[in-house]
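You will see two complexes here that share chain A, one where it goes with chain B and one where it goes with chain C.
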Partner chain A sequence: MENAAIFGWALLWILFWGALGGVVTPRIYARKDLEISQASFGGAVIGAALGPLSLFPLWVATPKITNRLIGIGIALVVGLFVAAFALADPDNLCVVNGSFVVSQLTNGIVIGIIYGLMALGLTLIFSILGVVSFAHGEFYMIGGMVTYFITARWLPGVSPFIAILGSCIVTFAIGYVFERLFLRPMGSGKIERPTEYAILVTFGLAFFLQYFTQALTSAVPVKAQRFFPFPRTEIPADSGALLSMTPGNITILDAISVPNPRFTAAVLALIMLAALLWFLFRTWVGKALRAVSQDRQAAAVTGINPDTMNTLAFSLGAMLAGLSGASLVQVFSWLPQVGIPAAARSFVIVVLGGMGSLPGAFLGGLIVGLVEAAGTGCIPDATRAASYMPAYGMVILTLVLLLKPTGLFGREL
Partner chain B sequence: MNPNLVYRVSGSIAVILLLAIPLASSEMGGLGPLVLSSYFMHLAITGFFYAILASSWSLLAGYAGQFSFGHMAFMAIGGYATGLIGKFIRFTTAPSELCTDIPLPGSWWLVILNIRRVGTIDESCLDMAKTQTLPAGTLIVFPPVWASIAMGLVFGAIFGLLVGWLVLRLRSTYLALFTIGFSEILRAAISAEIPVTEGQSGLELVPLFPAGLLGFSSTSKIPPYYAMLLLFILAMALMSWLASSRFGLFIRAIREDEEAAAALGVNIVRFKVLVFVITSTIAAAAGALQAHYIGIITPNTLIILQMSLVIAMAVIGGLENIYAASVGAIVITFVLELLRTSVSIGPIEIDMTLWRLVFFGILLMLTLRFQRNGLLFPILERISRGGVAKETVSIRTETDEEFADLEDPDTDGPDAESSREQPERTADTENAET
Partner chain C sequence: MAKSRTLVRIALFLALLALILTACGGQTETVGEPEAEAEPAAQEEAAPAATEAPAEEDDDMTMEPIKIGALAPLSAPGAVVGGEAMRDAMLIAADELNARGGILGRPVELIIVDTEGLPERGTAVVERLINQDGVVGIGGGYHSSVGVAAKEVARDNGVPIVFAETWNDTITSVQYDEIFRIAPLSSEVSAVDVKFIQWLRDENGMKLDKVVILTENTDYGIPAAENTTALLEGAGIDSVTFSVDIGTQDFAGIIERVKAESPDLIVTLATGEASYNFTQQAADAGIGPQDVPTMCNQVSLVSDAFWENVPDGNNCFVRRIGLPVQLYNDVAQALVAEYAERTGKDDIESYAMASYDSIMLIAQAIEDSGSTDPADIIDALENIEHMGALGPITFPVNRANTPEQAGVDPKWWHQFPDPAITIVQYQVEGQAAVDTTVVYPSTYQTGDPVIVGQE
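Now for the complex of A and B:
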C-alpha cells in the first residue's frame, strides 16, 4: 500500500461517525417520541456514509428511517470504502485491472451460491427444530469425503452423479439416526433446558464425526478429480472473443475467467436449489415442513406429525451440507478438519441473513462469497490475504451483531 | 451427617493428598515402595491445567448457561500475551537509543524490541545496541515471569470483556456461534503473523522459575507442580465462593429463565458479562502458567479438539458442579494417557491415539443424553451426603404431593398430614441456617 494513511483515516472516519450515529440517533428519536427500532442501525449507517453532513440534518429533521434510506446509506458506505482503497493503493490489481475485478466478483458469486446452499441446510434445521446444528461442518466434510472415496478409491470411473447420490444417502442417514436417537427426546419434554442440550449434543456429534473420519481415513489431504471437464470450444471459432473453454477453465468475453470445478459446483448447487425449492413449495411434505416452521401446534392440528417433520428437516439439512461438500471436494483439498471453517462461515451467513430465513440464507451466502473474493483478491499481501480467509466472515458477523442482530430478514433467536 | 462438614473434610483430605504427592516423586527419592516418575508429575500438572479450564467452563456453561466454544482461545490469549511480553520487552539501566525506550522511575528503561523480518539475518535492535550505544556494564533484564503472567490475565480479561459485551446482549446461541469463529480467527492470525508469533513453529517462553527455586533446578517438575496446584486451589476457592454467593444465585437464575430473572431485578447482561470475564481470566491464567511450564506455545493449543476435550471433561465429570468438572478433568487426563498405547486385535493393529477421541465423543453424547448430571457427580454427591442418597428427591415428592393437594381439595388424608408437616420443616430449615 502506498498511501496507507488515506485508507486508515477513511476507516477511522467511518467508524467514528458510525459509532456516534448509532449511539446518539436512538436517543434523539426517543426524545421526540418516534419509533426507535431502526434508529440505531439507520443512524450508524447514515453517519458512516456522510458523517456530519448527513447526521445533523437527520437529527434535526428526524425523518422515518425507511429501508430505502438504509439502503442508500449502505451503498454510500461501500462506495466510500472502495474509493478510499483505490486512492490508498492506486497500483493494486483490483483498481487497475477491470477484468480481474469482474472475474473475482464472478468467482465470489459462484462460490457464494454453494455457501448459500450449505447455510440453507442450517437455516432449515433452525426454522423447524429451533436448534443450531454445530455438526453442520462435519456433514459438509463427510459429503466431500464420501464423494472423493467413491470417485477415486472404491469405484474409479463411475459417474460423479452416483458419488454425489452416495454422499447424499450417507449424510441423510447419519442425520436421521442422530435426530431419532438424540434430538427426538427433546420434543417430549424428557430433557431439561433443551437449547443448551442441543448446543452440546450437536457439538459432541461434531467431535465424534471428525475423529471417526480421521481414524478411518488418516489426515492426508485429498482432492477429487474434476467431475465434468469442459469440451475445448471457442466462440467465435477463431478468436474465442465471446466464449472460450479449456478442460479446466471457462473464459467469457475475454474477461471473466472461472475455473471448471467452481463452475460445475455452482451449476450443481443451482440445480439442487431448484429441486429444494420445488420440494418445499410444490409437494405436500415440503408444505408440511414450512407449516411446522410457521406454527407447530396449528400444523399438528391439521394432521402433520411435527416429530416426523423434525427428523426430516434435520436429515435434509445434513444432506444439504453434504451436497455442498460433495460439489466442493473437486475445488478444495479435503481434510477431516475442513468442516470447522465451513461451519463458522455458515453461522455467519445464517446470522447475516436472519435466523430461520431461507431467502436470507441464500442472499447471505452471496454476500459472504463476494466479500471473501474481494478480500482475497485485493489485500496486497497475497499469502496473508489467504490465511485470513475466515476473518472476513467474522468481520461481517461482528458488524451484524453490533448493528442489526436480527439479520436481513430475521426473527430473533 | 452434615453435608457441609463432609464437603470440608473430604476437600481438606484431597488438598493434603495433592500437596503430599511430590514427596513420592522420583526427584524426592520416593515414599518407600511408591516412586512416582517425572512423567507422572507432568501428567498431574497437565491434569490441574485441564481441571482449571474444565471447572471454569462449567461455571460459565453449567451455572450461567452461557456456552462458549472460545475458552481455549482465552487460554491461548493468556499464553501468547505472556510469551510476547517475554519476547519483546526488556528492562535496561541505560537507554538503547535504537529500540523504543520508555523511561521508568529509578534510572531504569523499558525497552520494546523491534519486530524482526522473516528470512533476513536482521539483528534485534537490542543486540545492535549492545555493541553500539549501550555503555559497558548495562544490565539487561527479562521481565519477571509473574508480572508477564499477570499481564496475560489482564489481556484475557480485556478480550473477555470485548467479546462478552458484543455477544452477551443477545441469546446464548449467539455466543456459541461467535466464539467458534473467534477462536478460528485467533488461530489463523497467530499462524499468519509469523514475525510476531513465530506461527506454527511456536513461541518459546522462559521457564516458570528461570533460576530454579529452593534448590530445585529450572527443569524440575516440583515447583511447577506446586505453582499449578496453587492456581488450581485459588481458582476453585474463588469459583466456589462466587457460586455460593448471591452472584451464583443470580447466574443460576439467568440460566433457568432470563426473562424471569430480569423481571426480578437481576441486571442480566451485566452478570453474564461478569461471569464471562471472570471465567475467561481464569482460563488465561491457566494458559499463561502452562505456557511457561511447557516452555513453548503453538496455535495448535486452540484448535477445536482441545476445546472439545475440555467440554467432554466438564460434561463427563458433571457440568453443573465445578468440583465434579475438575475431578472429571483430572481423571480423563490420566485415562487419555493410559489409552494412548496401540491395541492389536488379531492381525489388525488399532492406533488408539485417534480412536480414544472417537470413544470420548460417543461418551460425551451418551452422557448428555442419559446422565445429564455427569458420570462422576452422582458419586461425589453420594460421598458428600455420607452415603445418604435421594435426600432432595424425597423432599421434592412431598412438595409435589402438596401441590397435588392444593389442586385437588377432595383428598383430605394427605392434606392434614402435609399441613402438620409443613411447620416442622420450616423450623428445620431455620435451624440449619442459624
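Now for the complex of A and C:
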C-alpha cells in the first residue's frame, strides 16, 4: 500500500466519529423522549460517514432515524472507505481494473446467494423451534453426498434435478425423524433444560452424521461433474464480445466471468429461494409456519398445531441445507467434514442478519459473500488476502453486533 | 403407547451413541495384536521361513507385542487421500513383519493414529502413543506442521520417530537425537522445482517471466514458497505467492487475482483436497493445466481421486518422489504387488512407499539392537543400512559424524540423503499415475513435456 497513512487516517475518522455518534446520539434522543431503538446504529453510521458535519445537525434537529437515513449513512461510509482505499493504493487491482472488480463482485454475489440459502434453513429452525441446530453443516454435507452418489455412482447419466430431489428427500426425512424422536420431547415439558438439551442433541447428530458418512463413503474427496455444461457459443459469432461460453465458463461483456458450476449453483439456489418464498407467503402451511414463529400461543388458538410446525420447520431447514450442498457438490471437492466451515459461516450469517429473520439471513449471506470477495480480491498482501477469509465475516459481525446487538433485522427484545 | 415410544427413543439414542463411539474409536487402528488362533495360519500362509522356526519361537509370538506407532492424516483438513495410502502401506509392513515371525520373536502391533493434518492433534496423538500405548518407535507422518510439533514430544520422551513425508527443513536441522527422516528436504525439493522450471525455459523455449505460487500457510507451505521464490529470483524469474489456509475450498477470489497476474506457470504447493479444489476451479476459470502450464501438488498422483476431483487436470506436471517405476528394486516391486492387490491401485504413491520403509526401518533397528529400549533403537538407526522400497537407506550425518564434521548444513542431520525426485506429466485424460510421462530430469525421461498456452 503506497499511502497507508491516508487509509489509516480515514479508518481512524470512521471509527472515532462512528463511536462518538453511537454513544452520544441515543443519550440525546433519550433526553428528548424520542424513539431510541435505531439511535445508536443510526448515530454511528451517520457519524462515521461525515463526522461533525452530519453529527451536530443530527443532534440539534433530532429527526426520526429511519431506515432510509441509515441506508444513506451506510452508503456514505462505504464510499468514504473505498475512496480512502483508492487514494492509499492507487495501483491495486480493485482500483485500476474494472473487469476484476466486477468479476469479484459477481463471485461474491453468487456465493452469497448460496450462503443465504443455507442460512435460511438455520434461521427457519431457530425462528420456530428456538433451537440452534449444530447439525446444519452435516445436512449440507449429506445433500452433496447424496447428489454425488446418485449422479456418479448409482444412476450415472441421470438428470441432476433427480439427484437434487433425492437430496431433498433424504435430508428432509432425516430432519423429520430426528425432530420427532429427539426434539419433540422439548415441547412436552419432559426436558428440564431444553436449551442445553437442544445443543447437545444436535451436536450428537452432527458427529453421528459425519462419522457415519465417513464409515460408509471413506474420507477420500469426491466431486460431482458439472450439472449442465454450457454449449460453446459466442455472441457476436466472431468476437464473443457480448457473451462467450465454454463448457466450464460464461463471460459476459468481456468483463464478467463466472465458472459454470458456480453459475448453475446460484441459479438453482435462486429457484429454490423463490419456491421457498412462495411456500412461506402463498400457502396455508407457510403462513402457519410464520404465524408460529411470530406467536406460538396465538397460532395454536387459531387451530395451528405448533408441534407439527416444529417438525416441518426442522425438516425444511435440514432440506435447505441439503439443497445448498447439492448445488455446491459440483463446485467443491466433497468430504464428510465439508459441512464444518459452512455451518460456522451460517451461524455468522444468521446472527448478522438477526436471529430468526428470514430476510436478514438472505441479506447476511450476500453481505458475507461480498465482503469475502472484496477482502480476498483487494487486500494488497497476496500471502494473506485469502488466509483471512474466515475472518472477514467475523469482522462485519462484530461491527454490526456492537452497533445493533439484535443483528440487521433482529426483533427488539 | 407413550412408554413404548420412550423405549424406542432410548434404544435409538443408545444405537446412536454406540455408532458415534465406534466412529470416533475408528480413528485409531491397530494391527498385529496377538490372536492365538489366527496368527499361526497367517504365518504358514505368508512366510515359509516362519514355519521352519523352532517351536519356542512360535510360542514367543503369543508374547506381549512390540508396539510401533504410525502417523497419518485420516480425516479433514488433513490430506486424507495421502493418509489412507500411507495407512495401507504401513499395514502391509506390519503384516509382513508378523508373517515372517515378528521382531525378536515377538509380534508387532502397529497403532495407527489420525493426525488430521493439525499440529495440536499431532502433538496429542504422539503423546498418547508414547505414554499411553507404550510404542517404542513411530513411523509415517505427512504434514510438516505435524512433524514440527510432534518432534518436541518425541524429544521430551526419548522415543524415535522416522518421518516419511514431512519436508520442513527444521525438523532435522534442530538435530534432535530422536528424529530421523526419509522424506526429502523442502529446500532440496524447491531446488528441483526451480531447476525444472529453468529447464522448461532454457531447453524447451518456454516463455517464463512470471510464476504464481499457491501455497498453504503451514510449516511446509510457507518455507517451501520462500525457498522457491528465492531460487526463482536467482534464476531471473519473477514470482507472486498466494497463501491459503489448509483445507480451503473456495478459491474464486484468489483465482481472479492469479488471472490478473498473467502467469506463465503456476506452482501448487497447497496439499490435499485444497490442491484439487484450486486446480479444478482454476480450470473452470480458464487458467487450468490445459491453459497455463501448472505444477500440481503431489497428491495428484492418486490418479483415481485426482481425475474425479479435477476432470480438467490433463497436462498437470507433478513432482514425484522416489525412483521411476522401471528402476524399482525387489523390495519396491513386492510392495507394489501387495499394495495393488489390497487397494486396486496400479502404482504406489511415494509417501506410501516411504511410510512402509519407515516402519521397516524401525523394525530393523530393533532387530539390530536386539532391544526395545528407544535409546538402543536410536543408536541402531544411526548405523543402519536398510534396503528399503526407496533404495538403500542410511543416515550418514549423525552423532558420530556431525554436520560440522561432515561439512554440511545441519538440515542433513539424520536425513536420508538420496530420495530421487522426478517430474512427471499427465498427458492423457484419465491416465493412471504409473503411466504418466517422466519429463525431468533427462536421466529418467520417458517423453517430452507438453507445454500449453504458448503462442
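Keep in mind that, in the parts below, the second predicted complex is superposed on the first by the 405 of 413 C-alpha atoms of A that agree within 3 Å, B and C clash if a C-alpha of one lies under 4 Å from a C-alpha of the other, contacts with A are read in each partner's own complex, and residues count from 1 in each chain.
By our rule, a residue touches a chain if its C-beta (ideal position, glycine included) is under 8 Å from a C-beta of that chain, and two chains touch if they have at least 3 such contacts.
Computed from a predicted model, the values in this text were never measured in an experiment.
Touch criterion met: A:402 reaches chain B, while chain C stays clear of it. Look at A:225: by the touch rule set out above, it reaches chain C but stays clear of chain B.
When the two complexes are overlaid on their common chain A, residue A:134 makes contact with chain B while staying clear of chain C. Looking at the shared chain after the overlay, A:10 reaches neither chain B nor chain C.
Touch criterion met: A:260 reaches chain C, while chain B stays clear of it. When the shared chain is aligned, chain B comes close enough to touch A:195, but chain C does not.
In the superposition on chain A, contact is made by A:376 with chain C only, not with chain B. Once the two complexes are overlaid on the shared chain, A:204 sits against chain B and chain C alike. Once the two complexes are laid over each other on the shared chain, residue contacts for A:338 go to chain C alone; chain B is not touched. Touched by chain B in one complex and by chain C in the other are residues 181-182, 185, 204-205, 207-208, 210-212, 214-215, 337, 340-341, 383-384, 387, 389-390 of chain A. The part of chain C that touches chain A in the complex is made up of residues 8-9, 12-13, 16-17, 19-20, 22-24, 26, 74-77, 80-81, 83-84, 217, 225, 240-245, 247-254, 256-257, 260, 273, 276-277, 280-281, 283-286, 305, 308-309, 311-312. In the complex of the two chains, the chain A residues touching chain C come out as 93, 97, 100, 103-104, 107, 111, 152, 181-182, 185, 204-205, 207-208, 210-212, 214-215, 218-223, 225, 246, 248-249, 257, 259-262, 331-333, 335-338, 340-341, 372-373, 375-377, 382-387, 389-390. Only residues 61, 65, 67, 69, 166-167, 169-174, 176-178, 180-182, 184-185, 188-189, 191-192, 255, 303-305, 308, 311-312, 315, 351, 354-355, 357-358, 360-362, 364-365, 368-369, 372 of chain B touch chain A when the two sit together in their complex.
Those residues of chain A whose C-beta lies close enough to touch chain B in the complex are 132, 134, 181-182, 185, 191-193, 195-197, 199-201, 203-212, 214-215, 337, 340-341, 343-344, 347-348, 351, 383-384, 387-391, 393-394, 397-398, 401-402, 405, 412-413.
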